[in-house]
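For reference, chains read A, B and C in written order, and residue numbers begin at 1 within each chain.
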Amino acid sequence: MGAILTLKDIFFSYNSRTVLKNINMDILEGQVIGILGPNGSGKSTLLKLMDGILIPEKGKVLLKGKPIDKYNRIDIAREIAMVGQEDHFRFPFSVSEVVLMGRFPYTSSYRFENKRDLEVAHNALKLTNTLHLAKRSIHEISGGERQRVFLARAIAQEPSIILLDEITSFLDIRFKREILMLLASLKNKGISMVIASHDIELMARYCEKMVLLKDGDIYAMGRPDQVLTEENISHVYECPVHVDKDPVDLNIRITIK
Amino acid sequence: MRAILLVFLSLWVWAPCLSFCGTDTHVARIVSLAPSITEIIYTLGLGDRLVGVTSFSNYPAEAKKLPKIGTYIHLNLEKIIQLNPDIAIGTWDGNRRSDIRILKEMGIKVYMTTPKNIWDVINSIQQIGMILGIPQKGVMVASSLRMRIDNIRKKVSTLKRVRVFLQINNRPLITVNKDTFQNDLMRLAGGINIAEDEPIRYPRISIEEVIYRRPEVIIISSMEIGGKFEEMRQEWMKWKDIPAVKNGRVFLVNSDLLDRASPRLVEGLETLARLIHPEAGWR
Amino acid sequence: MIARPLSPAKVIYVSLGLFILLLMVMLFSLYKGAVNIRLVDMLNAILGKGNDPGSIRLILLKIRLPRILLAGAVGFILSLGGVVFQAILRNPLADPFILGVSSGSALGAITGIIMGLSYRTGIPTMAFCGAIFTIVLVIIIGKKGKEAETSNIILAGVIINAFFTAIIMFFIACSSNEKLHSMLSWLYGDLSQAYYAQFWIVFTVTICSFFILYLFSRHLNIITAGEEVALQLGVDVEKVKWISLIVVSLSVGLAVSFSGLIGFAGLIVPHICRMIWGSDHRILIPSASLGGAVFLIAADTFARTIIAPNELPVGVVTAAIGAPFFIYLLIHRGSRWEQF
């Protein structure tokens, strides 16, 4: 089982400032990876590089063994979907229209949506518990609902990988939990996920692999209990913490000293 | 000698009408494409044959009652066609080429004048008289106009030229250069236009320039009689350095008499001459 | 199961309905004019029956019909351009002139008027050259490497508009009366010189642009969500932007080189269509285009009949309708403007 996505010796700078250096990692099928790090450590940039939106200065991004810049955008979109924070719809579309946009990589220009498209979109809406919002305008729903709609759109792309950039920031605990449970169920379908987040504890619960970034470098990579040590976190976030396990469910618990 | 010259001139003037010669001279329905042409047609006594005029054909008063065919810069071609004229007479000093071309394409006979100075205007009267079938009347009107001009020229020829400033617009202050009817009239009336050598036909001029050039007479050419004129005269009164203002020689003349290519230019000339050289002894 | 948000049937019905409306407006405009024509006479003239008192046939076929057709074609492309630009620039206030095409072609036309060129060929050619020149200039200034960065492009367009407008004002200030009138009537839109060749040229270019841009309907839908999102979903954003910008600017530049500048048509009609049928470009593009044709024909007919035999410039009529419309929009939408 080869890696779906490989990053090899990636260097990326922006305006002569080095944002990422020496990045090497693999994403395997069905793997859930958490990307952690303080602000400015390059998390969003890393995700954009994975999607081929940004081109690295040095190094290669390989999608299913082939360099990603050899793909055209539609083919990439069939494999990789991204849910980011910024989605400013200038003009009103309904929730179902938004989710159906996820079917774009599978439809040619003159064709209207067919039965398969509608089915996939329908299931995506059901999975994200947004089916009841189908006819509402994207502008009329709450931030949390909107996040789930965007996730539904990503699911409708039927990708092998979903990249998620800080999607839990706007959600209250109930929705955070829902989303993460949703992600767990997706994992069962064999979809890999890369989640960039600040929420260390939550990540620790659901990710099987963690990548800790500091100043553009991979500071640590491995299983959560390997990566999330007191030294690592205190050093990277420059803030003293205490790490232990929650006695009830044995999840990693982090307390600020 | 001069009479022979005049007769010779009037014959020579007929040349442009050659293309219209030999055609049926009874022209029943005429459309005038410019206010100046309207005046000319009435002067020739053929006002009753006019079936359509442009919006600003305001002289003589009867013309105002005629059907309107748009403005001379924007003719309403539909209306002209509907009126079914035998001939449309216009002037390149105003009518758009495209409008005229379309009229010709519609099969309407069109005659155009190109009056560049007052002599052209008088010649055009003669030409129009000819194509409308009354050549003798045309010559008569033209000759009498030429004589009136000549009389004035003689009267002022011995007098010293007076510096004149002609204002055709108030805000901004606009005058005329040598390429205009107004300038022709000022010269013939024994005056000299202080803005004669300006490069643009209707140049904007600053008050300072006017003060500097010390005109002895100021003519305000305008349609606005009464209150507005008083206002403008009061504005000039501020500049007592100007000889014209000092001597109270600021006058209003109806602009139609000075800028319209019609017989009334001669009336405008006579008015100007009286204002510029009152000492010449007018009847 | 969720329903299809837009079916092909709906697109066809709406388009057909608007097309029929267009034909009706055209017929009505043929009937209306400075010269009153009885319906009976008009039908006889069209069908070629009976004698022709008052040259009705001439009036209808040589003066009114070419003008109506040209108004329709110009309105069509102005609205189409408005829709596409609003999507690409993600700005509900974008009109097809935003890249400076208006001032560029105006400058070309005014230069042509000063040079004394003919209205039939010389001036439209100069206007079109002006438009092309401006498009190239805006692209060169607004480009960042191979990318068409939208905010740069808008800025470049605004700057060039301002600069060319200053030059135009300079020319106007120095011009003589006769030329002044020609310049002003071009700047406000003047369809009175229309003839069939003009219509066919604009029509051909417009129809080609329509089909090219319709191909991008779904791309445009997604681009309105944001360029990065569009990239993620598989849209080749650069390609769509470049092609759209160039196709719209060229066809709009061509149309206004014949008609002069007519504002608001590319602004109002897209908005109204969006309010009625939604933002999906698969229906917005055909409805706004046909709506634009109807709108301009109606505005032009109004302009040439309301003070007959004199005429209002058609740009004045569209502005008189457009400005209050936008005030109304502002009051009703207010702070929700960015969400339209």
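The working rule: a residue touches a chain if its C-beta (ideal position, glycine included) is under 8 Å from a C-beta of that chain, and two chains touch if they have at least 3 such contacts.
Everything numeric here is computed off the predicted structure, so don't read it as measured data.
Taken chain by chain, the contacts run in an open path, each chain touching the next and the two ends left apart.
In terms of Cα centroid distance from the overall Cα mean, chain C ranks first. We define each chain's centre as the mean of its Cα atoms; on that basis chain B and chain C are separated by 42 Å. Averaged C-alpha coordinates put the centre of chain A at 43 Å from the centre of chain C. Distance between chain A and chain B, defined via averaged C-alpha coordinates, is recorded as 82 Å. Residue numbers of chain B whose C-beta contacts span two or more other chains: none are found. Chain A contributes residues 48, 51, 53, 72-78, 80-82, 84, 86-94, 96-98, 100-102, 104-105, 107, 109-110, 112-113, 118-119, 121-122, 125, 131, 134, 139, 153, 157 to its touches with chain C in the complex. By the touch criterion stated above, chain C contacts chain B in their complex at residues 33-35, 54-55, 58-59, 62-64, 118-120, 173-174, 176-178, 181-182, 185, 192-193, 308-311. Chain contact summary for the complex, chain B toward chain C: residues 55, 68-71, 73-74, 76-79, 81-82, 84, 93-94, 96-98, 101-102, 105-106, 200-202, 204. Only residues 1-8, 86-87, 90-92, 215-219, 221-222, 224-226, 228-229, 231-236, 274, 278-280, 282, 336, 338-340 of chain C touch chain A when the two sit together in their complex.
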